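Next, two complexes with subunit A in common: one pairs it with subunit B, the other with subunit C.
Let's look at the complex of A and B:
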C-alpha cells in the first residue's frame, strides 16, 4: 500500500518535473544566450559576458523606462477608476450592474490588435495624441481595468461589504469615514492583487502596443520584438533576461497577494 | 434614560412598486423590549430598517424618538445600536477595535475608550478576547462582540435583526436567557425581529405579530398566546387546535362528543384550544383515538383523531396513552375560546 503510494507519488513528481522543464527550459536557454559571448560557438567555448546586457541597456533603456512609466500610470488610472467602479458594483446587484460588469470584460475578450485598431480609428487624428505615450496608456488602461475591478469586486463581495457598511453607519460613520476605515481596509487584499496584476499585464502587453506605438513610444515588449528582428540573437536574449528580472518578482508578489485575497484566508 | 419610539403611518414601498409595509402606527414604550414576530417576507425587517434609518417611510410617515422627529435622519445620525443577523463584524479590526469603533468615530480619548471597551467586554464575559481577530471567534462569541459594539456607543435604541438565528439550538437557548437578562438590566428600549415564536415570547415584553406588511396583533406574550386577535396569530404562535362544531344548550357539539360552550354564542361555532388546555379525563365528554405520541422530554405530545374535524394535539406531563387507544378528553377554561374567522 505504502509502496504503491510511493510509486504514484514518484510518477506524479516526475511528470510535474517534465512539464515544468518543458515550460522553463526554452526560457533558460534564451537567458543563457543573453550572457554567452558568442552563441554560435556556445557558452563553454566562448565564455560568459555581460556585454550584451550592457548593449541592451544602451540601446533600449528608454523602452524600459517607458514601460515602467506606463505600467505605473496604468496602475494609477485603474486604481482611481477601478476601485470606485468595483465599489459601485458591489453595492448594486441589479441587471444594469451585471451588464456593466460584462461590458468591462470586453477589451479582454477582444484581440488586442482589434482594440488597438479601434483606438486608432477613434483617436488617430486627434492632434499630438497619436504620437504621445499617453495614447498607449489609454490602451493599457482599457485592457487592465477589468482585472482591477474584478479582483477588487470579488473581495468586496466575499466580505459582504454592504452589510459591513451598514454596521459602520449604525455606529455613526459617514461616507468618508467608512470608506477609509471599512471599505478600503477590507478591500485591500483585492486591490493589492489587482494592482500587481495591472502592472504585470501592462509591462508584458505586446499585441495592442505593437499597433499603438510609434518609434518614439516603444515599450519593452515591442523593443524586444524589434531587437529579435534586427540585432544579433544574443542581444534579444539579454533583453529577455532584463525583462524577466523585472517581471519575476512581480509574479511572485502577485501569487502571494492572490493567495492572501482569495485563497489561504478562510472567510465566512 | 430610555427613549420612546413611535411610528406614525409608516409605510414602505420598494423601488419596483411592491409594498413591504402597509401604513403602520406603533408606539414602543421607553425601556421596553418589543419582539417583532412573523414569517419571512412579512415586513418585519423593513419595520426594523425604518426605525434604524436604513430605509425611509413613504410620505407622510414619521418616525419619532422621544417625540423628536427623526424621519429624515439617516442611520449614522440617529444614534441607534444595531445587531445584524450575520453580526457584520469588521474583519480588519480585532475584537477591541470592533467594540471601540463607534467611540473612535465620536473622538472619545483613547484612555477612556479603552476603559469603556474593557467594561463592555467584561459585561459580555469575553474580556480575554480583546485582541482576538474576529475570524477566530465562535458564533456565540461573535454575537457577544456584535452586542458589545452596538451598546458601547450608548444608543438611544437597540435594534436586533434575528440576533440568535445563526446559532445552534443549545447556544441559542443559553444566549436567549442571557440577552433577556441584559436587556432588562440595561433598561434600553429595544426592538428585535425574529421568526421564532418561542424566542419572541421569551424575550419580548410585548410582541408584535406581523403578516403581509401589517401588524396583526400587538400585546404581551400571554395575550398573544391566549387571546389571539386573528386566526393567523392563533395559528402562527404556538400549536392550535381548531374545534369546528355547533353550540346548542350551552354545549359545543363536535364529531367526537362535546365540550362546555364556555360562553360561545349558539349556532355554528369555530373555537380554539391550546394543547395544554385539553387534558385526558376518564369523565371527559369528548372521545377520540390516539394517532401518535411524541416524547418531548418534560412532556408527551399526543395527536388524537376523531374528536374534532381535524386531528387535535394534547400535551400531558403524566402517563401518555398509546397509539390506537380510545381516550376521553375535557377542556380547561378559558378553552374552548372563540377563534377569529380571519
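Let's look at the complex of A and C:
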C-alpha cells in the first residue's frame, strides 16, 4: 500500500516539508544571527563572531543560573510531592481520589497569568517572600506538579503496580519496604520522563514568571523578553542560542524517556 | 489495611496542603479581589458589558478558535501523512516538526520577528521581488502565526499517535469498495481521529486563550485578554479589574478543557 506513490504522496510530502520549513527556518535564522557580526549585512559579508554570546553572558549570566536553580528545585519539590500522590492515585480509584486528581491538574488548565496574579494577591505581602526566588519556585511547582503525577501514574498503572505490591505484601514486606523495593523501581521510567518534563517546562516558563519575578529574581525567559525588547537583534539571537543549547538536549532526552516509558505515545 | 490507609493519607497530605495554600486559597482570594473595586461584585457584570474588555475577550476567543481550526487542519494532514507513509528522511522530518515542542511563548514571538519582522526573511524576500517590504509580525496576524508555530508540534504528535493506532484495513476496505481518497479521509480517517482532534483542539484553544509570552514579545498594542490583564495590573494598577478578568479567563479555559475531557473521555491538559 505504501509502495503506491502517486500525486497524493507527492502532495503530502510537499505540504509536510513546507510545515517543517516554517518551524525550522526561524530557528536556523536565530542561531545564525546569534553568531553573525552584523545581521543586516549578512553572515558572509560581516563574518562570524562570538562577541554577542559573550555580551549575553556579561549581561544575563545570572538569569541562566537562577533558572537552572529554580528548575532543579522544582524537580526536587515535584518528586517529593508528586510521586507519593501518583502512588496513592494508582492504589485508589474512588470518588475522593478522582477529586484530588482533578484539583491537582487544575493549575495546568488555568492560564499562568491568572495563577501568577492570584499568588501575588494571596502571598505577595508576606515578609520577604515576594522578592525571594522561592516565590517563583512555588508557581513553577504548581504548574509542573501535574506532569510529574501523570507521567508517574501512567507507568504505575501500566505495570499493574497493585498486583506487584500484593505479591510483596504476601511475602511479608511492610509499607515502606514495598514503596522502596517495589513501587519506586517499577515506576522509574515514568518518574524519569516526568522529571525531564518538569525541568524543561520550568526552564521555559514565562506566562506566570513575568508577574512573579522582581528585578532581583529575573529568570532566563524573562531575560529573553527583556533582550528582545531592548537589545539589538544579534544579542537576542545569541541569548536564544544559549537557551536552545540548554533546552534541545533536554527535549531529545524527554522524547527518548517518553518513548521508553509509554511506547510511541507522548502525552503532554 | 488500616495502617495502609493512614500511610496513603500521609503520602497525599503534603501535595494537597501545598495546593490548598498556593492555588485554591489564592484563587478564592482573587475571586473576592475582583469585587473590591468601587463597584463591588457588579465589577464582574460591568466587565462583561464594557466595550473594551468585551471586545478584547471576543478578539481573544476568535483568535484562539481560528488558530485551533488552522492547527488541526495543518497538523492533521502532516500527522496522518507521517504516520501512514514510510520513506527515507521520515524520521528527520518528524524531528523537524517537533523541534519547537517546548519553546516558550517569548521565544516563539522572536521566531515570528525573524520571519515577519522589520529585519525578517519574509520582508527581505518580498522586498527583493516586489520592492515592498511585507512586515506583519507586530499585529494580530503575527500573533496568529506565532500561535500556529506553538501549536503545530504538539498537535502533530497527538495526531501521529492516534493515527498509528487506526487500523489500515479499514481504509483498505473502503478503497476496495471504490471510495475515492477524499471519501476515505472523510468517512474513515477523520471519524477515527475524532478523539485525538477533540483533545488536541481543546489544548490548543486553551493555550491560545492564555498564552502571553508571544503577544508580550511582538507588541504591547495587541489587546488580547492576557495583555489587557497585564496592563490593568501593572500600568493601570487596577487590581480589582485585573483580578476579575483573570478569574474570567481562568474559568473559560478550564471549562473548555473540562468539556473536551468529558466529550473525549480521555486525558486533556494544557501546557505552556
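Operating definition for what follows: the second predicted complex is superposed on the first by the 249 of 268 C-alpha atoms of A that agree within 3 Å, B and C clash if a C-alpha of one lies under 4 Å from a C-alpha of the other, contacts with A are read in each partner's own complex, and residues count from 1 in each chain.
Keep this in mind: a contact is a pair of C-beta atoms (placed from the backbone, for glycine too) under 8 Å apart; a residue touches a chain by one contact, two chains touch by 3 or more.
Here the structure is a predicted model, which means the values were calculated and not measured.
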item	value
Clash-or-fit label for the pair subunit B, subunit C on subunit A	fit
Touching partner for A:235 - first (subunit B), second (subunit C), both, neither	neither
For subunit A as apex, the angle formed with subunit B and subunit C - C-alpha centres, to the nearest 10 degrees	90
In the superposition, subunit B vs subunit C on subunit A residues touched	C
Touched partner set for A:200, first subunit B, second subunit C, both or neither	second
Contacts of A:183 with subunit B and subunit C, given as first, second, both or neither	neither
First (subunit B), second (subunit C), both or neither touched by A:251	second
Subunit B versus subunit C as contact partner of A:142, first or second or both or neither	second
Which of subunit B and subunit C A:74 touches, first, second, both or neither	neither
Contacts of A:212 with subunit B and subunit C, given as first, second, both or neither	neither
Closest Cα approach, subunit C to subunit B, once both complexes are overlaid on chain A (Å)	7
Shared subunit A surface residues [contacts with subunit B and with subunit C]	265-268
List of subunit A residues in touch with subunit C within their complex	1-2, 8-9, 12-13, 15-17, 19-20, 22-27, 29-30, 33, 39-40, 80-82, 84-85, 87-88, 91-92, 100, 103-115, 117-119, 121-123, 138, 141-142, 145-147, 150, 175-176, 200-201, 204-207, 210-211, 221, 224-225, 228-229, 233, 236-237, 240, 243, 247-248, 250-251, 254-255, 264-268
Subunit B residues touching subunit A - in the complex, by the definition given at the top	52, 54, 74-77, 79-82, 84, 86, 88-92, 101-102, 105-106, 135, 149-150, 153, 159
Contact set on subunit A toward subunit B in their complex	159-160, 163-164, 166-174, 177, 181-182, 185-186, 188, 265-268
Footprint of subunit A on subunit C - complex, ascending	3-4, 7-8, 11-12, 14-16, 18-19, 22-27, 29-30, 33, 74, 77-78, 81-82, 84-87, 93, 96-107, 109-115, 119, 121, 149, 152-154, 157-158, 161, 164, 168, 172, 181, 203, 206, 209-213, 216-217, 226, 229-230, 233, 239, 242-243, 246-247, 249-250, 253-254, 257-258, 267, 269-272
